[in-house]
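Chain IDs A, B, C and D follow the sequence of writing; residue 1 opens each chain.
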Amino acid sequence: MAGSFAIVEEPIDVGGLVSAAQRPDCGAVSTFVGTTRIDESDEASVEYLEYEAYRPMADRKLEEIGAEIEERWDARHVSIVHRIGRVDPGEASVAIVVASPRRGPAFEASRYAIERIKEVVPIWKREVWSDGYVWVGSQVGTRS
Amino acid sequence: MAGSFAIVEEPIDVGGLVSAAQRPDCGAVSTFVGTTRIDESDEASVEYLEYEAYRPMADRKLEEIGAEIEERWDARHVSIVHRIGRVDPGEASVAIVVASPRRGPAFEASRYAIERIKEVVPIWKREVWSDGYVWVGSQVGTRS
Amino acid sequence: MTQGSIRVLFFGAAADRAGVREAEVSADVATLDELWPLVEQQHPDLSPMRGTLAFAVNGEYARGGDRVSPGDEVAVLPPVSGG
Amino acid sequence: MTQGSIRVLFFGAAADRAGVREAEVSADVATLDELWPLVEQQHPDLSPMRGTLAFAVNGEYARGGDRVSPGDEVAVLPPVSGG
């Protein structure tokens, strides 16, 4: 199966990933982009998100998700790219691109990938506020 | 709701559509790209696909699908762009981009959009072979 | 277009079968069901497709009993195949 | 790293609580369950998180009874929050 799996520190080139996935033997490319969302109620205070990863375990887990997809669906191209470091509101933290001959498997596989990332890939994010930070999921941080 | 709905005759800039959909109040952008697929068994002979639309009805139907999505899901940005004219194998014929605060609605709405396009938007494609063409869905054409 | 006639547009496979992309029907008809035999008379190769066709009047899907009036645009639509 | 010791890495909230990103444990332990009290002794602020933590040995998820040996890399992993 073609594709790429990467942890990156730069903005993600979603258009480039989609172009790379387009193939004459596929009729569907499903793409999921996770972006940093600021709850409206928090908007005054959350400034950005910051991600860290346990590498190379995180890289390998992304590849394993690709292999799981290949086992379950007729996916001909899968790319998963996760950004780490500072990610500003509205920017992409993760991009998943799946090409398949048919649209059903493309949608299902890209959905599966984001669920699996949230379960097994050793990546953590913290919300950085004007007055400190909070690790998401652990409620540990420097805010009082 | 932000977004754009268009029938175009040029290649679709998927990356630009995704970028335009990213918003600080949304955590998910689901994108579906339909590409012209050549069945392997036919590869020797199908050269490209050619689309035609009944405009402006087709433009309006795309907008209606956007309105249907807005009624059913919390989508903050929806773009649907369909290309007409010659589309070569692997090229994008349609792109759907939906941004939502959460991933479930984004996936569901983009899937809904492509199903609705295939039901109600007055666009037709024909397969152009080396020895003639066939209108898809009508089995009418010039191939013997 | 002749004053008072109905403009009929053909798309996709229907344009192929009709041999033209548009036609005019100037007879006095009140509904799509009354219009169709006149279209078929002008373009008999459309007959085998009849069961698969949809119609639009002035850019919106319409059914057989729906009204058509002079000046309207009627579109003959084979099964759509976009996406 | 000291010859024969186990290297312990801390991530996310666990690194905050530990106050360091890595530590060494050179005692003679055979499993994760045996290792943990020594880690907790060095970094008591980790104790309240214990129930939420996962572990990896040499880059693969591991459970309490799994073996650890001198030279291994053990990672202390709070609930992941990627995506």
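Going forward, contacts are C-beta pairs under 8 Å (C-beta built on N, C-alpha and C of every residue); 3 or more make two chains touch, one makes a residue touch a chain.
Just so it is clear, the structure is predicted and the values come from calculations on it, not from any experiment.
Chains that count as touching both chain A and chain D, per the definition above, do not exist in this structure.
Annotation: 24 Å between the Cα-based centres of chain A and chain B.
Note: centroid distance chain B to chain D, computed from Cα atoms, is 49 Å.
Between chain B and chain C the centroid-to-centroid distance comes to 26 Å (mean Cα coordinates, whole Å).
In chain A, the residues that touch at least two other chains are 34, 114. Across the whole structure, chains are in contact as follows: A-B, A-D, B-C. Considering their complex, residues 9, 11-13, 16-17, 49, 52, 56, 59-61, 75, 77-83 of chain D touch chain A. Considering their complex, residues 34, 51-54, 56-58, 60, 82, 93-94, 114, 117-126, 135-138, 140-141 of chain B touch chain C.
Interface of chain B with chain A (complex): residues 13-16, 18-19, 22-38, 40, 43, 89-92, 99, 101, 103, 106-107, 110-111, 114.
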